[in-house]
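In this document, chain identifiers A, B, C and D correspond to the written order of the chains, with residue numbering beginning at 1 in each.
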Amino acid sequence: MEQEQLKEKIVALLPEAEFMTNKQYLDVIVPANKLHAFVTSLKETNDLKFDYLFCLSGVDWPNYFTVVYHITSSEYGHSIVVKVKTDGRENPEVPSLFDIYATAEFHEREVYDLLGVKFTNHPDLRRIFLEDTWVGYPLRKDYKDEINIIER
Amino acid sequence: MGYQKYDLAPLTHSIDQFLYSHLSSTWAFLAEMTLIGVVFLIFYAVIGLYLVLAERKVCAFMQNRIGPNRVGWFGVIQTIADLFKLLLKELITIRKADKLLFNIAPFIVIIASFLGIAAIPFAMGLHAIDFNIGIFYIMAVSSVGVVGILIAGWSSNNKYSLIGAMRSGAQIVSYELSVGLSLLVIVIYSGTLQLSTLVESQADAWWIIKGHIPAILAFFVFVTAGTAETNRGPFDLAEAESELTAGFHTEYSGIKFAFFFLAEYMNMFLVASVAATVFLGGWMPLHIPGMEGFNNAMDFIPPIVWYFGKTAFVIFLMMWIKWTFPRLRIDQLLNLEWKYLLPINLVNIVVVALIVLMGWYIK
Amino acid sequence: MSEEKKVIVELDENPEYIINMGPQHPSTHGVLRFEVSLQGETVKYLIPHCGYIHRGIEKMCESLTYPQIIHLTDRLDYLSAHMNNEAVSLCVEKALDIEVPERVKYIRSILSELNRIASHQLWWCAFGMDLGGLTCFFYGLRDREKILDIFEESCGSRLLHSFVVPGGLMHDVHPNFKQSIRDFIKYFRKLLPEYDTLLTGNVIFQNRTRDLGIMSKETAINYGITGPSGRASGFACDVRKVEPYSAYPYIDFKEILYTEGDTFHRYKARMDEMWESMVILEKLLDKMPDGNDYTAKMKPVIKLPEGEYFQRVETARGELGVYIVSDGNKTPYRLKLRTPNFSNLFVMNKLTAGYKIADLVAISGSLDLVIPDIDR
Amino acid sequence: MKSIFDYIAGIFKGVWSLLKGMTITGKYFIRLDKIVTQKYPENRKKLKMYDRFKGELIMPHDANNFHKCNGCGICEMNCPNGSIEVISDKIITSEGKSKRIIGTHIYHLSMCTFCGLCVKSCPSNALAFSQEFEHAVFDRNKLTKVLNNPGSSLVKDLAE
């Protein structure tokens, strides 16, 4: 499916979605409170069927975090990038998608571990790589570790 | 018969008489016991160590490798060096382990395998004790080893060890049946439990030839079940290094570990010896009825060579099996015993009884 | 003495029999820990604990230039180092809009397929060893050596090549390149049937793996199980077909798909992939253009234009995604590596529950986990 | 009746598959010419690494103790792990210009990942990889090496 057609379908699903032009995939920026319903409909709409979440990453921006979902359809082969911006850096919260994509549960734990984005409703939000007593979130730009990180 | 020129009984009798004529009967008895004990201990150690080397060489050749080749010419003293290394290692005692049982277990295992050797006739007139229930005795003492394994697994206070020990218990207790029943086939044929007369009864031809199909079947069942009883691959579930790290001897170190290790190889030697004695004629040379010239030629090879040759053949077979097959799962292992080996054995015994009754075997 | 007795009493109060498989355990193939709750021999549930060798590669990448990142990607899935290098390079080239020479594309794909075979060979060794067939280990390594020699001849290293750089290759391949690969294919075609005789046909092996750890297609998609493990369940996830890259669009090849999704078919998928990879190699070698151009024109300092770039590559274990967020500097603002093993690991609990502990080893072996790829 | 037949057929099929596997190991057991083990320290004389093998970083010097490094420091910049340190000196040439030359080129073998970026990026081809692969030493300090020989100088100086 072409990006334009995809865009039309998505506007029908979520009118307030913002789009970003990207050579490769169609970027959709979704408000956090609408994310869960939107992705559910992405997966369940018959001619979309975005059923395979192949990448979930968090990005640390100066004023907020984005969580980026790369979703594709194993049946039709079209892909989409869904982005969610958090509300500031203090207490970033994004709804969890573990009940839509099982793999999201663990990717979300990774994002929580390294960036500190909290996923609401997540069944088991623990650190995945670092030990539970670790202080701070290493992938944040303002993370300081004078012993282990050598600035270049 | 030509092989009788190698009869070692006069030699052993002369030693016996020498001792009794020079010492009082009590001291002579003690001296004789000590002598036999020391001979067996050395024999045990040498055989055990060289079986380890043989196994390493065999598996190396099967895997396109050379194997041990650094210590001594072609690695011949590699395992002796290993033994010294193990002797020098620290005996780690496990906190919260049951100390008495933990320390006693390796000895039970090694004594069980040690006891069995006593009844094996190595050559004509060369055996420590000639029981009239020899086969029964070997089976009885070799199954004591499982107690040691269970104790070792239990007392180590390690979860892996416990699983390994329990697996081993289930496995050895069930495979005991197949071992016994497959030996029973030859017992029915020969009508004796005494190992020396069993060997004598194969003077015209070995039981595996005389007893044709049931004996061949029983031989393979015995080798399979014997491999399982010694906890060797593909039945090495008690150790199962990819699942249980080292199974029941995970927590053992130094010479106690070496005891388990040696006992495994000695058990293998014992199983191979029994298989060679019962099915392949023990020290009896290869005789084909009606071919006198051939039989006489065979008689020139001393019985002890025949015995070790046959044992080595069975040991090689067991090693070949171990280094080819993947490991079974515990339920498949028990399935193999209860659904395959045991029914085959039972049918086999009925068939043998019929054959013996009708005289359908080569006499 | 009294202390010891107390402990025995305490044990009874804990009805769960939990064993820790790992961090040092022969069948986890690295520092991974499975917290396994057992009932007798049966697995009740399993919790994977990872992170023992987390090195923070993503964080390190943020302070390295793009050519420097390449050598870190070697150390993700060290058995498919070439594909990892290729993924980052392709992503950078995509961002810069550089078209690499045709010949480079072919060489990259040829090396990828070689690396895939080498990786599957090592997996075969390890899988055989997991099941207790130690001899497999040496046969597999013996044949893998031939591939490593080809790599050493051309790239200079055997395992961690760092051979692909943004814009092309580090240097040209060795003049013997084509011939040595053709020799290898001839050699390996003869020996691969031996693998089947030794292990695949074996009745013990069949019983150990058939109908074990069945993964449905839905589960595979839902958990994001890619690579041969996913394809054994019928999930057509081969990136070489879905989003063709390098020289894969130029040739025609078969995607190995099974629908059974049990351990045996995960095994079979990989074995078939080795055969298919050899076919691909021959096709690529036939079509590979002559010449000696091995790199496109690149600026000495690579600066990516502002934006976000994503590249998917099929490694030996599944789909590797590289997500670069650039702010126009010579270092990436954020570099996310979507590694296949990270997703593949977490299906373990679903697959193993209710099976025996020996099956756990077989299932984890069939998923072909490489721990540095999980931990990054 | 069929089940009994299947049972017996299963046994024979299973045993046959096992025997087929045993032929493979049995074949290699007698084929001693297929052994692949190399006896390493003994075959050191014969052992030849591939030309491109990345053993360790060296700076080739010619017979008159000249090298090509002008101390620009690009290799240091390109090294991802900081395993190269270039300490350059300033000298005054005969024409009175100040000129940068290499003082010491320090290479930390213990940190090197053999990515080859230094060799690739060197503008004057002063660096190369040797075929040396026996890196083991008893003292970690020995892994820090100075690549330019004492008393060596830039090959261009000869031309001037």
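One rule holds for everything that comes next: contacts are C-beta pairs under 8 Å (C-beta built on N, C-alpha and C of every residue); 3 or more make two chains touch, one makes a residue touch a chain.
Since we're looking at a predicted model, the values are computed, not measured.
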Notebook entry, point to check: Between chain A and chain B, which partner chains are common?
Noted result: C
Checklist line | Co-neighbours of chain C and chain A - touch as defined | finding: none
Next item on the list: Among all other chains, pick the one whose mean CA position is farthest from the mean CA position of chain B.
Entry: A
Check: Which of the two pairs, B-D or B-C, is linked by more C-beta contacts?
Finding: B-C
Margin query: Could you work out how far the Cα centre of chain B sits from that of chain D, in whole Å?
Written below: 51
Notebook entry, point to check: In whole angstrom, how far does the Cα centroid of chain B sit from the Cα centroid of chain C?
Noted result: 45
Check: Between chain A and chain D, what's the gap in Å when you average each chain's C-alpha atoms?
Finding: 42
Note to self: Taking the mean of the C-alpha atoms as each chain's centre, how many Å separate chain C from chain D?
What the structure shows: 24
Check: Taking each residue of chain A in turn, which ones touch at least two of the other chains?
Finding: 152
Notebook entry, point to check: What are the residues of chain B that contact at least two other chains?
Noted result: 62-65, 323-325
Checklist line | Contacts with two or more other chains, residues of chain C listed in rising order | finding: 135, 142, 198-199, 202, 204
Check: Among all the chains shown, which pairs meet the touch rule set out at the top?
Finding: A-C, B-C, B-D, C-D
Margin query: Residue numbers of chain D touching chain C in their complex, please.
Written below: 13-15, 17-18, 20-21, 23-25, 36, 49-50, 52-54, 78, 80, 113-117, 120-121, 129
Check: Can you list the chain A residues touching chain C in their complex?
Finding: 22, 24-25, 27, 51-55, 57, 59-60, 68, 70, 72, 74, 77, 81, 101-103, 105-107, 110, 114, 127-131, 138-139, 149, 151-152
Item checked: Residues of chain C defined as touching chain D within the complex -> 64, 67-72, 74, 135, 142, 145, 149, 152-157, 160, 162, 165, 170-171, 174, 194, 197-199, 201-204, 206, 300
Note to self: Can you tell me which positions in chain B touch chain C when the two form their complex?
What the structure shows: 59, 62-65, 96, 159-160, 163, 167, 233-234, 236-237, 240-245, 323-332
Notebook entry, point to check: Taking the complex as given, what residues does chain B use to touch chain D?
Noted result: 58, 61-66, 69, 320-321, 323-325, 340
